[in-house]
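In order of appearance the chains are A, B and C, and numbering begins at 1 in each one.
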Amino acid sequence: MQEFLQQLVSGLASGGIFASLALALVLIYNAMGLVNFAQGEMAMFATFIAFALIERGASYWIAFPLTLVLAFAGGIAVQRIVIRPVERAPVLTLVIVTLGLATLFNGAAGFLFGYVPRSFPSPFSLTTLNIFGAYASYQDLGVIAVSGVVLLLIYLLLQRTTVGLTMRAAAHHPEASRLLGVRVSWMLALGWGLASAVGAVSGIMAAPALLLQPDMMQTVIIYAFAAAVLGGIESPLGAVVGGLIVGVTVNLAGAYLPFVGGDLQLAVALAIIVAVLVIKPNGLFGRPAVRRV
Amino acid sequence: MAALLELEEVRAGYGPTSVLHGVSLEVPEAGIVSLLGANGAGKTTTLRAITAGVRWTGDIRFDGRSLRRLSTEDVVRCGIAHVPEGRGILTELTVDENLRLGSHLRRDPDVRKDYDLVFEYFPVLKERRRLSASTLSGGEQQMLAIARALLMRPRLMLLDEPSLGLAPMIVRSIFEIIRTINQTRRVAVLLVEQNAGLALELSSAAFVLEVGRVAVHGDSAELKGNESVRRSYLGY
Amino acid sequence: MQRLRSAPPRYWLVLVAVLFLAGLPTVVTSFQASEFGGALVLAIAIMGLNILVGYSGQISLGHGAFMALGAYTSAILVHAYKLDFLATIPIAGVVTGVVGFLFGIPALRLSALYLALATFALAVVTPSLIKRPATLTGGVQGILLIQPDPPQFMKDGFAAITGTPMTSDQWIYYVILACTLLLFWFAWNLVRHRPGRAMRAVRDGEVAAAASGVNVAGYKTLAFGVSAFYAGVAGSLFALSTGFISPDTFPVGLSIQLLVGGVVGGLASIPGPLLGAIFVYFLPIESNQWVPSQTWIPTPVANTVVKAGPAVTYGAILILIMIFAPNGIVGLVNAGYSGLRRRLRGAGDRETGQMPPGPQTV
């Protein structure tokens, strides 16, 4: 029972990381009907920037928000420079462009920072806390808390502010929004910036456990995809719920199903994706995304 | 005194198909002008040209300033509200959110008052505030579209077929509201309508389009009284 | 003779290319021939992907998985069941083709984006999936294959021309070349006749195609099957030419490489996959060789560049191509060529073999 609770908490912590990255995916999907295959690599790159800041003496709690700001700006820059020229192109072209971005960021990270895994500091200690008889580390709890705060802030931004409203309007109804004076193009850029910042949170939370290196987020993005698909690719709430479910499921599967073990957890994510797409493609909270002919 | 809106020899089309072949018209400050004509004559295209929804040549001037090369958003921000065919309701959002998108650009203190006014004209919108806009009926959506346009505090409203698909009583009340808005707020209106009779009652001047050109124009009262014009161009 | 003379320039180009490729091993080293063989293997896989993406309008980011299936099928048959390698090539192709066809059935329900996601996830998971049935696949250790000797008559024939008997590498190169020519020829025919037309109709507008009586579901799954068949054969040849396969031979990067090759070369074209394969295959090699050879670059920097260089270059080139030349090299050549012809001959000439347009939204 205690072990179960531990795995649960651990799963929630990973789930928080997946949820953050999944939320970034959903934000961009809502902005332009496209899944950004480069989201994980952009998050990793942002984490490296945080690392560089910390190495130069900045404290964690200064580097963290500063990185978010830089990631935000970076996301906007990417949208303006790379995405906008191909905005109206078919899906395949856009998919390839984001794949190109992913390769570019991965290579750039390797080029600038090398491929040796680095340890990344965490403000939370690894000492464990006794909750109802189970041991959960401050690290795990910290990740859950930070992810929760970020997700809440995004929710408030999107649902309660005018900017959030115009972003949602631009995402769902670009033409009608233009007739209301909304600068749709800039709203899309804003979506990218926001997604980039949220992705950076995911990376910074993941780095202490995964060790910082260019390939760090390649598995996380798959879990994030699973989370986004499970929750419904258009629903930010779905991303959060999906992330938590995926995190917990994968953890429990790894712990309790012998044939899964440590290395096939990723296959569990794949199984989730396939199962959802076959059974209920719109996910838990989304609208139908399957093509009807 | 120059008119609020002036179109001069405007040509426009979609790709290789040309729809407008030199349309010239004007809307005076605080005036109501009808744009009439058969289906396909180019009425909707004319409105779309004004808000940069289609490429055009010629000149379009608003308050003396040319609208050439402005994007849709920028044209709208000059003070023009366009309620398109199909109403342009953002069905993913709630009624309230739709309304807020109408007022989101404004910084003046009268916004509160305008909301009160809008709810006074269209009480159903107040009732359904928190509901998704997709739950509104056709007539209610038209009310929402007009309310939203009102909240933009425009100097000119472009209305594309506001009576389409609505019951006659609702159409009458909407037209009354438009008249009131025009008189109390001095908002100019360019009204595209199939229902020529109603349009001529509301407007002071009218332009009749035929195959992308202005065939007849003049004082609404005159046009209404002119039997041959009515029969050839207005179908009644 | 008349037909020869009036054949479009394209046919001559193909003939020259075939002769060039056939004669290649006689003028380059054995090792270089095997490298070129590697590029041809990729060309086959990319051709398969092209049939799926360029001609039938579906996406796959997971063709590396199909290659892995073909490779392991061949390797296991040779290693455990002692089959002759050449015999395993078509078997690997068919097995993979059937699996691909079956995969195409649920894929029908997925929109382009979801299909991309699902196949991407498949590609990422493939190494782990291979490791698991370790007794069958050799797990992490992989499978080591002994490369076959050329048959005696080939050895002698080759010696007659060049003076040295044919090596294993060169024999393998010819096997690969034969498969490449056969499969390209098959693809060319497929595209020219009804299946190709049907697929393109589906790609350009499913609803319209269905309304015209095209069996949309049938052709889409067929495209998946054929495409997987090609990838399976390529995988099998890959195992043959490198002599060793392991789970790490098929990372997600491979699937992306295939897609990059297809796009850069030019989707919906026959020569495109070959050009793309050359690009994808030799770019890392060149940067691996050129950079370290420059003595003025310090070693650790050179090492990092070698490791990171291709990635950055790939990424940048991919993006630039999508923005400026979405129809790839073939598209650029065609645009330039038809522009030139138009200028030389005046408007209104009959255009032979006009390439189909780039991929459409699914």
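In this text, a contact is a pair of C-beta atoms (placed from the backbone, for glycine too) under 8 Å apart; a residue touches a chain by one contact, two chains touch by 3 or more.
For clarity, every value in this text was computed on a predicted model and none was experimentally measured.
Chemist: Among the chains, which one keeps its Cα centre farthest from the Cα centre of chain B?
Modeler: Following the centroid criterion, the farthest chain would be C.
Chemist: If I average the Cα coordinates per chain and compare with the overall Cα mean, which chain comes out closest?
Modeler: Measuring from the global C-alpha mean, the nearest chain centre belongs to A.
Chemist: Go ahead and note the Å separation of the Cα centroids belonging to chain A and chain B.
Modeler: Comparing mean C-alpha positions, chain B is 44 Å from chain A.
Chemist: Just how far, in Å, is the C-alpha centre of chain C from the one of chain B?
Modeler: The separation of the two C-alpha centroids amounts to 57 Å.
Chemist: Between chain A and chain C, what distance separates the C-alpha centroids? Give it in angstrom.
Modeler: So the centroids are 33 Å from each other.
Chemist: What residues on chain A touch chain C, complex-wise?
Modeler: Against chain C, the touching part of chain A is residues 33-35, 37, 82, 85-86, 89-93, 95-97, 99-108, 110-111, 114-115, 218-219, 222, 225-226, 229, 233, 259, 263-264, 266-267, 269-270, 273-274, 277-278, 281, 289-291, 293.
Chemist: So in the complex, which bits of chain B are touching chain A?
Modeler: Touching chain A from chain B are residues 51, 53, 71-73, 76-77, 82, 84, 88-93, 97, 100-102, 104-105, 148, 152.
Chemist: Going by the contact rule at the top, pick out the chain C residues touching chain A in the complex.
Modeler: 53, 59, 61, 106, 109-114, 116-118, 120-122, 124-125, 128-129, 131-132, 206-207, 210, 216, 252, 256, 259-260, 263, 304-305, 307-319, 322-323, 326, 358-362
Chemist: Show which residues of chain A lie in contact with chain B when the two form their complex.
Modeler: Spelled out, the residues of chain A in touch with chain B are 162, 165-166, 168-169, 172-173, 175-184.
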